[in-house]
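Structures given as structure tokens follow.
Each of the next two complexes has chain A plus one other chain: chain B in the first, chain C in the second.
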Partner chain A sequence: MSMMATSRAPQRLSRRAWLVQTTLVPLVLIGIWEVWAILAADPRAPAPTRVVESLIDLVVHGGLIMATLQSLGRVVSGFALALVIGVVLGILMGSIRWVRNLLDPIVESFRPIAPMAILPVAILWFGTGTPAALSIVSYAAFFPLLLNTVHGVSQVDRKLVLAARTMGVPRWRILTNVVLPASLPSILLGSRLAMGVAWTAIIAAELGVGAKSGGGGSGGIGAMMFIFYAYNIDLNAIVVCMIVVGVVALLIDRLFRLAERRLMPWRN
Partner chain B sequence: MVNGNGTPKLRLQDVSKEFIAPRTGQLTTAATGVNLEIQNGEFICVVGPSGCGKSTVLNLIAGLDNPTTGKIEANGAPILGPGADRGVMFQDYALMPWQTVYDNIGFGLRYGTPGDGLSSNEREGRIRHFIDLVGLNGSEKKYPHQLSGGMRQRVALARLLANGPDILLMDEPLGALDAQTRLILQVELLRIWGETGAREQRKTAIFITHDIEEAVFLGDRVVVMSTHPGRVKAVIDIDLPRPRTEHIRANPRFGQLADQIWGLIRDEAYRAIDG
Partner chain C sequence: MATDMTTTGQREVIAAAAAPLLPLTLVAAPRKVNMFRLLAAMRLFMALVSFVLFIGLWQLVATWVGNRVLLPSPVQVAIALYTLGVEGEIFEHALVSTTRLAISLAVSVVLAIPLGFAMGLSDRLNAYLDPFIELLRPISGIAWIPLALFIFGVGDVLPVFIMVYVAFFPLLLNTIAGVRGVDPKLLNAARTMGVRPAPMLMHVLVPAALPMVMVGFRLAFAGAWSAIIAAELIGSPNGLGFAIEWYRELLMSPKVFAFILVIGLVGYLCDLLLRALQRVLTPWIEGTELA
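Let's turn to the complex of A and B:
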């Protein structure tokens, strides 16, 4: 018992120290911000307390949760589309040389074009609703997925493929049961990156689509921000949206890290 | 060493393999003029300095590569590609890192032709049997990275045997192990191969090694290969009694045979060191 107590005590102390060290700077900054807002004496100036009020108001009356879910829904469906296309194409490009030779030039010429740069085309083709936002999200998520899958497939230990062949495993089974699991670490890394850029892209896309449609139509948290910026000029609400965007991005990242650990128990 | 009944298990006739070196683009002869006849149930060891084409020959028999010239037949039929009748144990084991010991041993039974027509119960029974045979009880749920080299080697051996191949092809399977583990596994390998049983029940085995004593200890015959280009220099009959135990190393005949083989490759081995 006493051994356990002595071995645990330092750990608890250091955890408390860690908590203080990591929260001190943000807390001080928030304090300074609050004081500055009071001194500014402008009721529209954003302040931590007003941001919290605005958050409660937006959750209760402003449809913040619905808007966030709408954006998330677009990200998830756009990501799913990119996942299927990116992984299938990636496996083919990674394992069959002529497919790679055929597609590599196209991929490399589109890759530097930022998702936002295709927004005008997306609006012209798909209008200002969900399809336009979705296409931009898919486009953004596609490249990290494809490139990481290709990388993963080309890194697969050739011995494993040969071993499977000597066990009479048919070619398509080798793709699904050797190449795919062997490149899973890269595919999951690509997924995490893709989900990150997809979330960034949806906010930008909704902002842009919102601008075009005059605040109506598209919906989502990006459009909501645009309304607060262009019509209501509500800085507190904009800060609330920013925080929500950040928190959601963090949650997505954590979720994918958790999934990586769950899906790859052989990696520690 | 020839047994009475007609066709040999494996026949290599004037086999050669040339390839273009990926870096230099030069045409290289990995093996040339290889002639071998291997009978059913024989344990054949192949030794030779690095670069003598031992692994090339093994890959050709496995069907992972095609010979440039010559013919290779198994049971009288030409080898056209890889097949589960010729199981391979790779130098670094080639275990699937995302699968447990149990799933690795069952890989061929699950996804390959060896599992054709087996019910899931039969499959499980077979996996269990080989887990017992190689002594991996209690480690079924571990992943390869959690195992020692010796245990990985056992997994690879169990996987090889679970697929029920006719011919065992082993490419320096004990090469990565420490000396003590190696000696223990040599004895175990002979037991699993069926040394104590009837000759007809043994598998045909081809075992590549760079260790002369290992070759003498395990083999019915030792094929000595030489480099530049890779070819068969001699085939030595190992007339030591079976079953063999550690004590056979004290037998004067053991030393004679090892010495004879060393005599065949020592010049080249020295030349390899001098560059």
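Let's turn to the complex of A and C:
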């Protein structure tokens, strides 16, 4: 996006031309969708107008906001768990050679195992409630956090650490005052990536748990989508949920980018 | 890396030249001293140690839990893996999943790369299409599963559709970035020499954009491999994602764990394959950040 903005700037597009460019294709496609839905003559066919109606209905008395908040709460707590474990392990692996050599093979073996592959085990261990969903979110968020922390810590300028050590700074002060600030950009990047995959994972987990436990139990926006599919086939409501999933993902991404700019103004 | 290019004779010369710098124990070793091989051997040893420790720990916890449904021991999982392998069930499901993966990656390559070149070359096309793509991109492939279940039903099409969708965006965005990142000096030089559009595309643009496209391809694979498990688990009567959940419902945990291992292994092997493909197609980026 930033690349685009810079390449577009010298052309000095007028505001109106820019507005036309950005909205034309989406509007035309939404128009085609609406016409298709009218021609389909099937009351179940989703149409933009019906989706908007459904959105209002779900917000007012469908519990859409509660379901979204429930999913978000799980993502945030799962992310927090992964943040603690990932950053602590990442600092150890990044700064102590033998820890890294020891743990690297294990981490690399688990990495190609998709978060959803953990779901059956999570259901076996924790049942179909929140803990199962939480463990999948943590698992998904763990890898980007760990790998980026390791990368960040091992990239810290050796000279800074040596200088601090020469001046007699204790080890843990070196960690908090030298290593952590220097690896902050990597950790923040890892956090953004982790939050993105965590949000995808929670939808997958709630869908999966919903699908495999007869739709009951866990709640959240993923389960809500599955109920709209399995019980009262309401495609408009499913599309509403998809849009909410997209909007939340976008907001999470923007929030973390903003945090990166605020916390590290020297990077841009 | 340098050792690959030297002959055995040269290597001995290098080792001899380096001898005074090495610790005594290394010099005294009867075989040829090769620092790279020594380091690799050490790393292999550490990897072995960590696997042994991991499996030992697993065995301990499994003994302590004492419930093969909750946590089967490594031995039980190994036996399950062996039986599933002998009966051919592993290969059946793995073949189904990898075929779906290959088809979806092929479809998304056909869709995303030409579009990416067009959008990378034409600012106007990009300005019109980019908003729509950015509108769709935040909606994860997983979120399409309920709608896709309704449209395609349970079967082959659903996982392929989800994977094509997931693989499309990284491929497209990296192709656009690759085309836009082509050194303008190269383009101007070619233009000055009167290179026509078709050869320009084949001999200048494609090779210059290829490293980024390959990065996109590997990202696309990673996303698709993650999505296929979810798609098969929910909406398919076969494949690796189906198998883990099927055996979970039968409470045959050793087989669940065996199939999870297979998922990791197949994913790892596919990634190795892609790295090899990357080395063959774009050998010149070896050692850079894109590798």
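The rule is short, and it goes like this: the second predicted complex is superposed on the first by the 252 of 268 C-alpha atoms of A that agree within 3 Å, B and C clash if a C-alpha of one lies under 4 Å from a C-alpha of the other, contacts with A are read in each partner's own complex, and residues count from 1 in each chain.
What we mean here is this: a residue touches a chain if its C-beta (ideal position, glycine included) is under 8 Å from a C-beta of that chain, and two chains touch if they have at least 3 such contacts.
All figures in this text were calculated on a predicted structure; none of them were measured in a lab.
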Chain C versus chain B, contacts on chain A by residue: C
Partner chain(s) touched by A:Ala204 [first = chain B, second = chain C, both, neither]: second
First (chain B), second (chain C), both or neither touched by A:Leu258: neither
Which superposed partner A:Ala249 touches (first chain B, second chain C, both, neither): second
Partner chain(s) touched by A:Leu69 [first = chain B, second = chain C, both, neither]: neither
Partner chain(s) touched by A:Leu24 [first = chain B, second = chain C, both, neither]: second
Touching partner for A:Ile38 - first (chain B), second (chain C), both, neither: neither
First (chain B), second (chain C), both or neither touched by A:Pro112: second
In the complex, chain A residues that touch chain C: 1, 3-4, 7-8, 11, 21-26, 29, 98, 101-106, 109-110, 112-121, 123-125, 199-200, 203-204, 207-208, 211-212, 222, 225-226, 228-229, 233, 235, 238-239, 241-243, 245-247, 249-250, 253
Of chain B, residues touching chain A in the complex: 62-64, 81-84, 86-88, 90, 92, 94, 96-99, 107-108, 111-114, 143-145, 159, 163
Chain A contact footprint on chain C (complex, rising order): 42-43, 46-47, 49-51, 53-54, 69-70, 123, 126-132, 134-136, 138-140, 142-147, 149-150, 177, 180, 225-230, 233-234, 240-241, 244-245, 247-249, 253, 256-257, 260, 263-268, 271
Footprint of chain B on chain A - complex, ascending: 157, 159-160, 162-170, 173, 177-178, 181-182, 184, 264-266
